[in-house]
Amino acid sequence: MPSDGFSHATELNVRFAETDAQGIAHNAAYLVWYEVARVDYLAHHAGGYNRIRDLGLEALTTETHVRYLGAVRFDDRLRINIRCGDLRGARFRFDYLIERVTDTGAEAVADGWTLHATVERETLRPTRVPEWLREAIEAAES
Amino acid sequence: MPSDGFSHATELNVRFAETDAQGIAHNAAYLVWYEVARVDYLAHHAGGYNRIRDLGLEALTTETHVRYLGAVRFDDRLRINIRCGDLRGARFRFDYLIERVTDTGAEAVADGWTLHATVERETLRPTRVPEWLREAIEAAES
Amino acid sequence: MPSDGFSHATELNVRFAETDAQGIAHNAAYLVWYEVARVDYLAHHAGGYNRIRDLGLEALTTETHVRYLGAVRFDDRLRINIRCGDLRGARFRFDYLIERVTDTGAEAVADGWTLHATVERETLRPTRVPEWLREAIEAAES
Amino acid sequence: MPSDGFSHATELNVRFAETDAQGIAHNAAYLVWYEVARVDYLAHHAGGYNRIRDLGLEALTTETHVRYLGAVRFDDRLRINIRCGDLRGARFRFDYLIERVTDTGAEAVADGWTLHATVERETLRPTRVPEWLREAIEAAES
(Lines give C-alpha, C1' and ligand atoms only; values in the text may rest on other atoms or scores of the structure.)
Protein backbone atom coordinates (compact mmCIF):
# COMPACT_ATOMS: atom_id res chain seq x y z
CA MET A 1 0.00 0.00 0.00
CA PRO A 2 2.74 2.59 0.69
CA SER A 3 4.65 3.81 -2.36
CA ASP A 4 8.14 2.52 -3.14
CA GLY A 5 10.63 3.44 -0.46
CA PHE A 6 8.02 4.11 2.24
CA SER A 7 7.06 1.82 5.10
CA HIS A 8 3.60 3.13 5.93
CA ALA A 9 0.74 5.09 4.38
CA THR A 10 -2.33 6.88 5.74
CA GLU A 11 -5.26 8.08 3.63
CA LEU A 12 -7.53 11.04 4.28
CA ASN A 13 -9.85 13.41 2.43
CA VAL A 14 -9.12 17.14 2.28
CA ARG A 15 -11.54 18.89 4.65
CA PHE A 16 -13.39 22.00 3.54
CA ALA A 17 -11.96 23.84 6.55
CA GLU A 18 -8.46 23.08 5.21
CA THR A 19 -9.04 25.04 2.00
CA ASP A 20 -8.49 28.78 1.63
CA ALA A 21 -9.73 31.58 -0.63
CA GLN A 22 -7.33 30.40 -3.36
CA GLY A 23 -9.71 27.43 -3.67
CA ILE A 24 -6.96 24.98 -2.69
CA ALA A 25 -5.69 23.43 0.53
CA HIS A 26 -3.81 25.91 2.72
CA ASN A 27 -0.04 25.35 3.01
CA ALA A 28 -0.22 24.83 6.80
CA ALA A 29 -2.64 21.90 6.44
CA TYR A 30 0.18 19.73 5.09
CA LEU A 31 1.96 19.86 8.45
CA VAL A 32 -1.23 18.60 10.10
CA TRP A 33 -1.44 15.75 7.57
CA TYR A 34 2.20 14.88 8.28
CA GLU A 35 1.25 14.62 11.94
CA VAL A 36 -1.80 12.46 11.22
CA ALA A 37 0.56 10.10 9.33
CA ARG A 38 3.09 10.08 12.22
CA VAL A 39 0.36 9.26 14.73
CA ASP A 40 -0.90 6.46 12.49
CA TYR A 41 2.66 5.17 11.95
CA LEU A 42 3.27 5.01 15.71
CA ALA A 43 -0.12 3.35 16.30
CA HIS A 44 0.71 0.60 13.82
CA HIS A 45 4.36 0.06 14.66
CA ALA A 46 4.98 1.17 18.22
CA GLY A 47 1.85 0.98 20.37
CA GLY A 48 0.71 4.53 19.71
CA TYR A 49 1.93 8.04 20.44
CA ASN A 50 0.18 7.95 23.80
CA ARG A 51 2.62 5.17 24.87
CA ILE A 52 5.37 7.79 24.58
CA ARG A 53 3.30 10.38 26.41
CA ASP A 54 2.48 7.93 29.19
CA LEU A 55 6.21 7.80 29.96
CA GLY A 56 6.21 11.54 30.63
CA LEU A 57 7.89 12.15 27.29
CA GLU A 58 6.94 14.28 24.31
CA ALA A 59 8.24 14.14 20.76
CA LEU A 60 8.90 17.76 19.83
CA THR A 61 9.00 18.86 16.20
CA THR A 62 12.29 20.67 15.61
CA GLU A 63 12.23 21.20 11.84
CA THR A 64 9.65 20.90 9.04
CA HIS A 65 9.91 21.07 5.27
CA VAL A 66 7.21 20.87 2.60
CA ARG A 67 7.57 21.05 -1.18
CA TYR A 68 4.17 21.70 -2.79
CA LEU A 69 4.13 20.00 -6.20
CA GLY A 70 0.56 20.60 -7.28
CA ALA A 71 -2.67 22.16 -6.04
CA VAL A 72 -4.84 20.02 -3.79
CA ARG A 73 -8.57 20.67 -3.53
CA PHE A 74 -11.52 20.05 -1.25
CA ASP A 75 -12.41 16.35 -0.91
CA ASP A 76 -9.32 15.16 -2.81
CA ARG A 77 -8.30 11.73 -1.57
CA LEU A 78 -4.71 11.89 -0.31
CA ARG A 79 -2.26 9.17 0.62
CA ILE A 80 0.45 10.31 3.06
CA ASN A 81 3.43 7.96 2.63
CA ILE A 82 5.85 8.01 5.53
CA ARG A 83 9.10 6.42 6.67
CA CYS A 84 11.21 6.98 9.76
CA GLY A 85 14.97 6.94 9.98
CA ASP A 86 18.13 8.54 11.27
CA LEU A 87 17.62 7.86 14.97
CA ARG A 88 20.53 9.33 16.89
CA GLY A 89 20.32 9.87 20.62
CA ALA A 90 17.21 11.98 21.17
CA ARG A 91 16.60 12.77 17.49
CA PHE A 92 14.77 11.16 14.60
CA ARG A 93 13.51 12.06 11.17
CA PHE A 94 10.42 11.30 9.08
CA ASP A 95 10.19 11.55 5.29
CA TYR A 96 6.91 12.03 3.46
CA LEU A 97 5.40 11.72 0.00
CA ILE A 98 1.83 12.96 -0.40
CA GLU A 99 -0.09 11.56 -3.38
CA ARG A 100 -3.56 12.30 -4.72
CA VAL A 101 -5.34 9.01 -5.26
CA THR A 102 -7.93 8.68 -8.02
CA ASP A 103 -9.65 5.78 -9.77
CA THR A 104 -6.89 5.70 -12.35
CA GLY A 105 -3.80 5.98 -10.18
CA ALA A 106 -1.79 8.23 -7.90
CA GLU A 107 0.05 11.48 -8.50
CA ALA A 108 2.62 13.15 -6.25
CA VAL A 109 1.32 16.46 -4.86
CA ALA A 110 3.89 17.17 -2.12
CA ASP A 111 6.92 15.79 -0.35
CA GLY A 112 9.17 16.76 2.54
CA TRP A 113 10.52 15.78 5.92
CA THR A 114 10.39 16.60 9.61
CA LEU A 115 12.91 16.35 12.45
CA HIS A 116 11.96 15.49 16.03
CA ALA A 117 13.49 15.21 19.47
CA THR A 118 12.20 13.27 22.45
CA VAL A 119 12.09 15.41 25.58
CA GLU A 120 10.89 15.12 29.16
CA ARG A 121 7.48 16.79 29.32
CA GLU A 122 8.05 18.85 32.43
CA THR A 123 11.48 20.24 31.56
CA LEU A 124 11.46 19.93 27.75
CA ARG A 125 15.00 18.52 28.14
CA PRO A 126 16.18 16.14 25.40
CA THR A 127 16.23 12.49 26.42
CA ARG A 128 17.25 9.43 24.38
CA VAL A 129 14.56 7.81 22.27
CA PRO A 130 13.31 4.90 24.46
CA GLU A 131 14.84 1.56 23.48
CA TRP A 132 11.49 -0.11 22.69
CA LEU A 133 10.62 2.76 20.35
CA ARG A 134 13.99 2.57 18.62
CA GLU A 135 13.52 -1.17 18.16
CA ALA A 136 9.95 -0.77 16.92
CA ILE A 137 11.02 1.80 14.33
CA GLU A 138 13.98 -0.31 13.22
CA ALA A 139 11.67 -3.30 12.80
CA ALA A 140 9.17 -1.21 10.81
CA GLU A 141 11.87 0.17 8.52
CA SER A 142 13.85 -3.04 7.90
CA MET B 1 -14.61 52.23 21.54
CA PRO B 2 -16.86 49.18 22.20
CA SER B 3 -20.34 49.39 20.69
CA ASP B 4 -23.37 50.20 22.85
CA GLY B 5 -23.98 47.62 25.53
CA PHE B 6 -20.48 46.14 25.42
CA SER B 7 -17.67 46.76 27.88
CA HIS B 8 -14.67 45.86 25.75
CA ALA B 9 -13.59 45.52 22.12
CA THR B 10 -10.68 43.90 20.29
CA GLU B 11 -9.74 44.51 16.68
CA LEU B 12 -8.07 42.09 14.26
CA ASN B 13 -7.71 41.48 10.54
CA VAL B 14 -9.05 38.31 8.92
CA ARG B 15 -6.08 36.05 8.16
CA PHE B 16 -5.78 34.36 4.79
CA ALA B 17 -5.54 30.99 6.58
CA GLU B 18 -8.97 31.71 8.10
CA THR B 19 -10.69 31.82 4.70
CA ASP B 20 -12.00 28.77 2.86
CA ALA B 21 -12.81 27.82 -0.72
CA GLN B 22 -16.07 29.79 -0.51
CA GLY B 23 -13.80 32.86 -0.52
CA ILE B 24 -15.01 33.92 2.93
CA ALA B 25 -13.92 33.33 6.52
CA HIS B 26 -14.63 29.78 7.72
CA ASN B 27 -17.38 29.42 10.32
CA ALA B 28 -14.99 27.94 12.91
CA ALA B 29 -12.71 31.01 12.82
CA TYR B 30 -15.36 33.03 14.68
CA LEU B 31 -14.90 30.85 17.79
CA VAL B 32 -11.18 31.63 17.67
CA TRP B 33 -11.95 35.37 17.40
CA TYR B 34 -14.32 35.07 20.39
CA GLU B 35 -11.39 33.55 22.29
CA VAL B 36 -8.99 36.30 21.22
CA ALA B 37 -11.52 38.80 22.59
CA ARG B 38 -11.91 36.90 25.88
CA VAL B 39 -8.15 36.77 26.35
CA ASP B 40 -7.91 40.49 25.66
CA TYR B 41 -10.83 41.20 28.01
CA LEU B 42 -9.16 39.29 30.85
CA ALA B 43 -5.82 40.97 30.14
CA HIS B 44 -7.38 44.42 30.45
CA HIS B 45 -9.73 43.79 33.35
CA ALA B 46 -8.41 40.88 35.40
CA GLY B 47 -4.65 40.50 35.08
CA GLY B 48 -4.77 38.07 32.17
CA TYR B 49 -5.95 34.55 31.53
CA ASN B 50 -2.59 33.21 32.72
CA ARG B 51 -3.44 34.53 36.21
CA ILE B 52 -6.28 32.01 36.26
CA ARG B 53 -4.05 29.25 34.91
CA ASP B 54 -1.36 30.03 37.49
CA LEU B 55 -3.90 29.08 40.20
CA GLY B 56 -4.17 25.60 38.67
CA LEU B 57 -7.55 26.51 37.19
CA GLU B 58 -8.84 26.44 33.63
CA ALA B 59 -11.89 28.16 32.19
CA LEU B 60 -13.59 25.48 30.09
CA THR B 61 -15.94 26.41 27.28
CA THR B 62 -19.25 24.62 27.83
CA GLU B 63 -21.43 26.13 25.11
CA THR B 64 -20.91 28.29 22.01
CA HIS B 65 -23.29 30.04 19.67
CA VAL B 66 -22.62 32.08 16.53
CA ARG B 67 -25.09 33.80 14.23
CA TYR B 68 -23.41 34.71 10.92
CA LEU B 69 -25.02 37.89 9.59
CA GLY B 70 -22.87 38.60 6.54
CA ALA B 71 -19.87 37.23 4.68
CA VAL B 72 -16.46 38.25 5.98
CA ARG B 73 -13.44 38.25 3.68
CA PHE B 74 -9.65 38.13 3.80
CA ASP B 75 -8.09 41.20 5.42
CA ASP B 76 -11.43 42.63 6.58
CA ARG B 77 -10.94 44.66 9.74
CA LEU B 78 -13.13 43.25 12.50
CA ARG B 79 -14.07 44.61 15.91
CA ILE B 80 -15.06 41.91 18.42
CA ASN B 81 -17.25 43.55 21.05
CA ILE B 82 -17.57 41.57 24.25
CA ARG B 83 -19.22 41.72 27.66
CA CYS B 84 -19.25 39.28 30.54
CA GLY B 85 -22.15 38.51 32.86
CA ASP B 86 -24.23 35.97 34.66
CA LEU B 87 -21.60 34.71 37.08
CA ARG B 88 -23.10 31.96 39.22
CA GLY B 89 -20.88 29.61 41.17
CA ALA B 90 -18.45 28.13 38.67
CA ARG B 91 -20.21 29.47 35.56
CA PHE B 92 -20.12 32.65 33.52
CA ARG B 93 -21.21 33.88 30.14
CA PHE B 94 -19.79 36.16 27.44
CA ASP B 95 -21.81 37.94 24.76
CA TYR B 96 -20.30 39.09 21.46
CA LEU B 97 -21.01 41.39 18.56
CA ILE B 98 -18.60 41.22 15.62
CA GLU B 99 -18.51 44.26 13.34
CA ARG B 100 -16.65 44.96 10.13
CA VAL B 101 -14.94 48.31 10.46
CA THR B 102 -14.38 50.50 7.41
CA ASP B 103 -13.48 54.14 6.81
CA THR B 104 -17.15 55.02 6.76
CA GLY B 105 -18.42 53.10 9.74
CA ALA B 106 -19.13 49.68 11.21
CA GLU B 107 -21.54 46.95 10.20
CA ALA B 108 -22.60 43.91 12.23
CA VAL B 109 -21.39 40.66 10.67
CA ALA B 110 -21.97 38.19 13.51
CA ASP B 111 -23.15 37.88 17.09
CA GLY B 112 -23.48 35.18 19.72
CA TRP B 113 -22.47 34.02 23.16
CA THR B 114 -20.41 31.45 25.02
CA LEU B 115 -20.77 29.75 28.40
CA HIS B 116 -17.82 28.79 30.58
CA ALA B 117 -17.03 26.98 33.81
CA THR B 118 -13.95 27.30 35.98
CA VAL B 119 -12.46 23.90 36.82
CA GLU B 120 -9.40 22.52 38.57
CA ARG B 121 -6.87 21.68 35.88
CA GLU B 122 -5.94 18.22 37.12
CA THR B 123 -9.42 16.89 37.78
CA LEU B 124 -11.53 19.11 35.49
CA ARG B 125 -13.89 19.46 38.49
CA PRO B 126 -15.97 22.65 38.65
CA THR B 127 -14.78 25.16 41.21
CA ARG B 128 -16.20 28.59 42.07
CA VAL B 129 -14.98 31.53 40.04
CA PRO B 130 -12.20 33.07 42.21
CA GLU B 131 -13.38 36.07 44.18
CA TRP B 132 -10.85 38.50 42.61
CA LEU B 133 -12.00 37.45 39.13
CA ARG B 134 -15.67 37.92 40.06
CA GLU B 135 -14.85 41.35 41.43
CA ALA B 136 -12.78 42.29 38.41
CA ILE B 137 -15.58 41.29 36.05
CA GLU B 138 -18.21 43.10 38.10
CA ALA B 139 -16.05 46.23 38.05
CA ALA B 140 -15.56 45.96 34.28
CA GLU B 141 -19.27 45.50 33.66
CA SER B 142 -20.63 48.13 36.01
CA MET C 1 -24.74 2.61 13.14
CA PRO C 2 -26.08 6.13 13.85
CA SER C 3 -27.59 6.61 17.29
CA ASP C 4 -31.36 6.72 17.81
CA GLY C 5 -32.97 9.60 16.00
CA PHE C 6 -30.07 10.22 13.61
CA SER C 7 -29.87 9.16 9.98
CA HIS C 8 -26.12 9.13 9.45
CA ALA C 9 -22.84 8.88 11.39
CA THR C 10 -19.19 9.61 10.64
CA GLU C 11 -16.27 8.46 12.75
CA LEU C 12 -12.91 10.18 13.20
CA ASN C 13 -10.02 10.34 15.65
CA VAL C 14 -9.14 13.58 17.43
CA ARG C 15 -5.99 15.00 15.82
CA PHE C 16 -3.14 16.24 17.96
CA ALA C 17 -3.37 19.59 16.16
CA GLU C 18 -6.97 19.88 17.38
CA THR C 19 -5.95 19.84 21.05
CA ASP C 20 -4.93 22.94 23.01
CA ALA C 21 -2.88 23.73 26.12
CA GLN C 22 -5.80 22.61 28.31
CA GLY C 23 -4.90 19.11 27.10
CA ILE C 24 -8.31 18.69 25.45
CA ALA C 25 -9.79 19.33 22.02
CA HIS C 26 -10.25 23.05 21.28
CA ASN C 27 -13.86 24.28 21.15
CA ALA C 28 -13.55 25.38 17.49
CA ALA C 29 -12.61 21.86 16.33
CA TYR C 30 -16.19 20.71 16.91
CA LEU C 31 -17.42 22.99 14.11
CA VAL C 32 -14.90 21.35 11.78
CA TRP C 33 -16.15 17.90 12.84
CA TYR C 34 -19.74 19.01 12.19
CA GLU C 35 -18.60 19.97 8.69
CA VAL C 36 -16.83 16.64 8.13
CA ALA C 37 -20.11 14.93 9.04
CA ARG C 38 -22.14 17.18 6.69
CA VAL C 39 -19.76 16.47 3.81
CA ASP C 40 -20.01 12.73 4.51
CA TYR C 41 -23.81 12.96 4.79
CA LEU C 42 -24.07 14.67 1.41
CA ALA C 43 -21.63 12.18 -0.15
CA HIS C 44 -23.76 9.25 0.98
CA HIS C 45 -27.20 10.68 0.35
CA ALA C 46 -26.96 13.36 -2.30
CA GLY C 47 -23.99 12.81 -4.62
CA GLY C 48 -21.57 14.93 -2.63
CA TYR C 49 -21.15 18.57 -1.70
CA ASN C 50 -19.25 19.17 -4.93
CA ARG C 51 -22.50 18.42 -6.83
CA ILE C 52 -23.95 21.55 -5.19
CA ARG C 53 -20.79 23.54 -5.95
CA ASP C 54 -20.81 22.39 -9.59
CA LEU C 55 -24.17 24.17 -9.96
CA GLY C 56 -22.54 27.46 -8.97
CA LEU C 57 -24.14 27.24 -5.54
CA GLU C 58 -22.67 27.28 -2.04
CA ALA C 59 -24.28 26.21 1.21
CA LEU C 60 -23.46 29.00 3.66
CA THR C 61 -23.45 28.40 7.38
CA THR C 62 -25.74 30.96 9.01
CA GLU C 63 -25.82 29.76 12.61
CA THR C 64 -23.89 27.27 14.77
CA HIS C 65 -24.42 25.92 18.25
CA VAL C 66 -22.33 23.51 20.31
CA ARG C 67 -22.93 22.21 23.83
CA TYR C 68 -19.76 20.63 25.24
CA LEU C 69 -20.76 17.80 27.59
CA GLY C 70 -17.36 16.34 28.46
CA ALA C 71 -13.68 16.78 27.70
CA VAL C 72 -12.39 15.11 24.54
CA ARG C 73 -8.72 14.19 24.24
CA PHE C 74 -6.09 13.42 21.61
CA ASP C 75 -6.78 10.23 19.67
CA ASP C 76 -10.27 9.74 21.16
CA ARG C 77 -12.50 7.95 18.67
CA LEU C 78 -15.56 10.10 17.97
CA ARG C 79 -18.83 9.32 16.21
CA ILE C 80 -20.55 12.38 14.77
CA ASN C 81 -24.25 11.55 14.44
CA ILE C 82 -26.15 13.84 12.10
CA ARG C 83 -29.62 14.40 10.71
CA CYS C 84 -31.00 17.03 8.36
CA GLY C 85 -34.41 18.66 8.52
CA ASP C 86 -36.49 21.79 8.34
CA LEU C 87 -35.94 22.59 4.68
CA ARG C 88 -37.78 25.83 3.85
CA GLY C 89 -36.97 27.73 0.70
CA ALA C 90 -33.23 28.38 0.80
CA ARG C 91 -32.72 27.21 4.38
CA PHE C 92 -32.02 23.92 6.14
CA ARG C 93 -30.84 22.68 9.49
CA PHE C 94 -28.56 19.89 10.73
CA ASP C 95 -28.64 18.39 14.23
CA TYR C 96 -25.63 16.63 15.77
CA LEU C 97 -24.74 14.31 18.59
CA ILE C 98 -21.04 13.62 19.15
CA GLU C 99 -20.16 10.45 21.05
CA ARG C 100 -16.87 9.05 22.25
CA VAL C 101 -16.68 5.42 21.15
CA THR C 102 -14.75 2.90 23.24
CA ASP C 103 -14.58 -0.89 23.41
CA THR C 104 -17.33 -0.88 25.97
CA GLY C 105 -19.80 1.55 24.46
CA ALA C 106 -20.47 5.15 23.53
CA GLU C 107 -20.84 8.26 25.64
CA ALA C 108 -22.25 11.64 24.57
CA VAL C 109 -19.56 14.37 24.60
CA ALA C 110 -21.30 17.17 22.66
CA ASP C 111 -24.45 18.06 20.77
CA GLY C 112 -25.79 20.99 18.80
CA TRP C 113 -27.11 22.19 15.49
CA THR C 114 -26.28 24.38 12.49
CA LEU C 115 -28.39 26.41 10.08
CA HIS C 116 -27.53 26.85 6.40
CA ALA C 117 -28.70 28.71 3.33
CA THR C 118 -28.06 27.88 -0.30
CA VAL C 119 -26.76 30.89 -2.22
CA GLU C 120 -25.43 31.66 -5.68
CA ARG C 121 -21.64 31.63 -5.45
CA GLU C 122 -21.01 34.87 -7.32
CA THR C 123 -23.59 37.05 -5.62
CA LEU C 124 -24.08 35.16 -2.31
CA ARG C 125 -27.81 35.68 -2.92
CA PRO C 126 -30.15 33.10 -1.35
CA THR C 127 -31.61 30.62 -3.81
CA ARG C 128 -34.02 27.71 -3.18
CA VAL C 129 -32.47 24.40 -2.22
CA PRO C 130 -32.32 22.46 -5.55
CA GLU C 131 -35.20 19.99 -5.93
CA TRP C 132 -32.92 16.92 -6.26
CA LEU C 133 -31.18 17.88 -3.00
CA ARG C 134 -34.49 18.37 -1.20
CA GLU C 135 -35.65 14.98 -2.43
CA ALA C 136 -32.37 13.30 -1.50
CA ILE C 137 -32.53 14.73 2.03
CA GLU C 138 -36.20 13.76 2.43
CA ALA C 139 -35.37 10.23 1.31
CA ALA C 140 -32.44 10.03 3.74
CA GLU C 141 -34.55 11.28 6.65
CA SER C 142 -37.72 9.26 6.07
CA MET D 1 12.25 47.67 14.44
CA PRO D 2 13.10 44.60 12.32
CA SER D 3 16.20 42.69 13.42
CA ASP D 4 19.49 43.02 11.56
CA GLY D 5 19.25 41.79 7.98
CA PHE D 6 15.45 42.01 7.80
CA SER D 7 13.39 44.72 6.11
CA HIS D 8 10.09 44.34 7.95
CA ALA D 9 8.63 42.98 11.17
CA THR D 10 5.15 42.11 12.40
CA GLU D 11 4.18 41.46 16.00
CA LEU D 12 1.45 39.17 17.31
CA ASN D 13 0.50 37.26 20.46
CA VAL D 14 0.23 33.46 20.42
CA ARG D 15 -3.45 32.55 20.44
CA PHE D 16 -4.76 29.89 22.81
CA ALA D 17 -6.19 28.04 19.79
CA GLU D 18 -2.65 27.84 18.39
CA THR D 19 -1.38 25.77 21.32
CA ASP D 20 -1.64 21.99 21.55
CA ALA D 21 -1.65 19.36 24.31
CA GLN D 22 2.14 19.69 24.63
CA GLY D 23 1.36 23.08 26.15
CA ILE D 24 3.23 24.91 23.39
CA ALA D 25 2.34 26.41 20.01
CA HIS D 26 1.63 23.76 17.36
CA ASN D 27 4.22 23.45 14.58
CA ALA D 28 1.69 24.34 11.86
CA ALA D 29 0.91 27.72 13.47
CA TYR D 30 4.31 29.04 12.39
CA LEU D 31 3.29 28.80 8.72
CA VAL D 32 0.24 30.91 9.51
CA TRP D 33 2.46 33.49 11.26
CA TYR D 34 4.77 33.53 8.22
CA GLU D 35 1.69 34.33 6.15
CA VAL D 36 0.54 37.08 8.52
CA ALA D 37 4.02 38.63 8.10
CA ARG D 38 3.89 38.33 4.28
CA VAL D 39 0.48 39.99 4.18
CA ASP D 40 1.74 42.78 6.41
CA TYR D 41 4.91 43.16 4.31
CA LEU D 42 2.88 43.50 1.11
CA ALA D 43 0.49 45.94 2.79
CA HIS D 44 3.36 48.19 3.82
CA HIS D 45 5.50 47.94 0.70
CA ALA D 46 3.31 47.02 -2.24
CA GLY D 47 -0.29 48.15 -1.77
CA GLY D 48 -1.47 44.91 -0.18
CA TYR D 49 -1.94 41.30 -1.21
CA ASN D 50 -5.41 42.13 -2.52
CA ARG D 51 -3.75 44.32 -5.18
CA ILE D 52 -2.22 41.13 -6.58
CA ARG D 53 -5.52 39.27 -6.31
CA ASP D 54 -7.37 42.12 -8.03
CA LEU D 55 -5.22 41.43 -11.11
CA GLY D 56 -6.55 37.88 -11.25
CA LEU D 57 -3.27 36.59 -9.85
CA GLU D 58 -2.46 34.47 -6.82
CA ALA D 59 0.88 33.98 -5.09
CA LEU D 60 1.10 30.23 -4.51
CA THR D 61 3.33 28.81 -1.81
CA THR D 62 5.64 26.21 -3.39
CA GLU D 63 7.97 25.37 -0.52
CA THR D 64 8.09 26.02 3.24
CA HIS D 65 10.74 25.45 5.86
CA VAL D 66 10.67 26.04 9.62
CA ARG D 67 13.39 25.43 12.19
CA TYR D 68 11.94 25.45 15.72
CA LEU D 69 14.57 26.79 18.10
CA GLY D 70 12.63 26.94 21.35
CA ALA D 71 9.16 26.31 22.73
CA VAL D 72 6.62 29.10 22.32
CA ARG D 73 3.67 29.37 24.69
CA PHE D 74 0.21 30.90 24.91
CA ASP D 75 0.23 34.71 24.93
CA ASP D 76 3.96 34.97 24.15
CA ARG D 77 4.65 38.15 22.21
CA LEU D 78 6.32 37.26 18.90
CA ARG D 79 8.06 39.41 16.32
CA ILE D 80 8.09 37.90 12.83
CA ASN D 81 11.02 39.42 10.95
CA ILE D 82 10.79 39.05 7.18
CA ARG D 83 12.69 39.93 4.02
CA CYS D 84 11.98 39.17 0.37
CA GLY D 85 14.51 38.33 -2.31
CA ASP D 86 15.50 36.17 -5.22
CA LEU D 87 12.84 37.32 -7.67
CA ARG D 88 13.26 35.38 -10.91
CA GLY D 89 10.47 35.22 -13.46
CA ALA D 90 7.43 33.99 -11.60
CA ARG D 91 9.26 33.01 -8.40
CA PHE D 92 10.30 34.73 -5.20
CA ARG D 93 11.48 33.84 -1.73
CA PHE D 94 10.87 35.12 1.80
CA ASP D 95 13.18 34.58 4.78
CA TYR D 96 11.97 34.73 8.38
CA LEU D 97 13.27 35.07 11.90
CA ILE D 98 10.75 34.69 14.71
CA GLU D 99 11.69 36.20 18.06
CA ARG D 100 9.97 36.19 21.43
CA VAL D 101 9.85 39.74 22.72
CA THR D 102 9.96 40.43 26.45
CA ASP D 103 10.58 43.47 28.62
CA THR D 104 14.26 42.65 28.68
CA GLY D 105 14.95 41.84 25.05
CA ALA D 106 14.30 39.42 22.21
CA GLU D 107 15.26 35.78 21.74
CA ALA D 108 15.17 33.76 18.51
CA VAL D 109 12.54 30.98 18.66
CA ALA D 110 12.33 29.94 14.98
CA ASP D 111 13.63 30.73 11.52
CA GLY D 112 13.06 29.52 7.98
CA TRP D 113 11.99 30.48 4.48
CA THR D 114 9.23 30.06 1.92
CA LEU D 115 9.20 29.96 -1.88
CA HIS D 116 6.33 31.35 -3.96
CA ALA D 117 5.18 31.58 -7.55
CA THR D 118 2.74 34.03 -9.06
CA VAL D 119 0.06 32.28 -11.11
CA GLU D 120 -3.11 33.19 -12.98
CA ARG D 121 -6.02 32.40 -10.65
CA GLU D 122 -8.18 30.56 -13.15
CA THR D 123 -5.51 28.29 -14.67
CA LEU D 124 -2.90 28.25 -11.86
CA ARG D 125 -0.34 28.79 -14.64
CA PRO D 126 2.89 30.58 -13.65
CA THR D 127 3.09 34.19 -14.76
CA ARG D 128 5.88 36.72 -14.23
CA VAL D 129 5.80 38.74 -11.02
CA PRO D 130 4.13 42.04 -12.07
CA GLU D 131 6.66 44.83 -12.69
CA TRP D 132 5.21 47.15 -10.00
CA LEU D 133 5.49 44.37 -7.43
CA ARG D 134 9.08 43.62 -8.42
CA GLU D 135 9.92 47.30 -8.11
CA ALA D 136 8.15 47.63 -4.78
CA ILE D 137 10.02 44.65 -3.35
CA GLU D 138 13.36 45.89 -4.70
CA ALA D 139 12.69 49.29 -3.11
CA ALA D 140 11.78 47.68 0.21
CA GLU D 141 14.88 45.50 0.22
CA SER D 142 17.44 48.07 -0.92
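Note that the chains take the letters A, B, C and D in the order they are written out, and that residue 1 is the start of every chain.
Note that in this section contacts are C-beta pairs under 8 Å (C-beta built on N, C-alpha and C of every residue); 3 or more make two chains touch, one makes a residue touch a chain.
This is a predicted model, so every value here is computed, not measured.
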Intersection of contact partners for chain B and chain C: A, D
Self-contact between copies chain B and chain D, residue sets same or different by half: same
Reference chain A; chain at largest CA-centroid distance: B
Rounded Å distance between chain C and chain D, as computed from the means of their C-alpha atoms: 34
Centre distance in Å when chain A and chain C are each reduced to the mean of their C-alpha atoms: 27
In chain A, residues with contacts to at least two other chains: 16-17, 28, 32, 35, 74
Residues of chain A defined as touching chain B within the complex: 16-17, 19-21, 23-24, 26, 28, 73-74
Contact footprint of chain C on chain B as seen in their complex: 22, 27-29, 31-32, 35, 58, 60-68, 71, 121, 124
Touching residues (chain side chain D, partner chain B) in the complex: 13, 15-17, 31-32, 35-36, 39, 48-50, 74-75
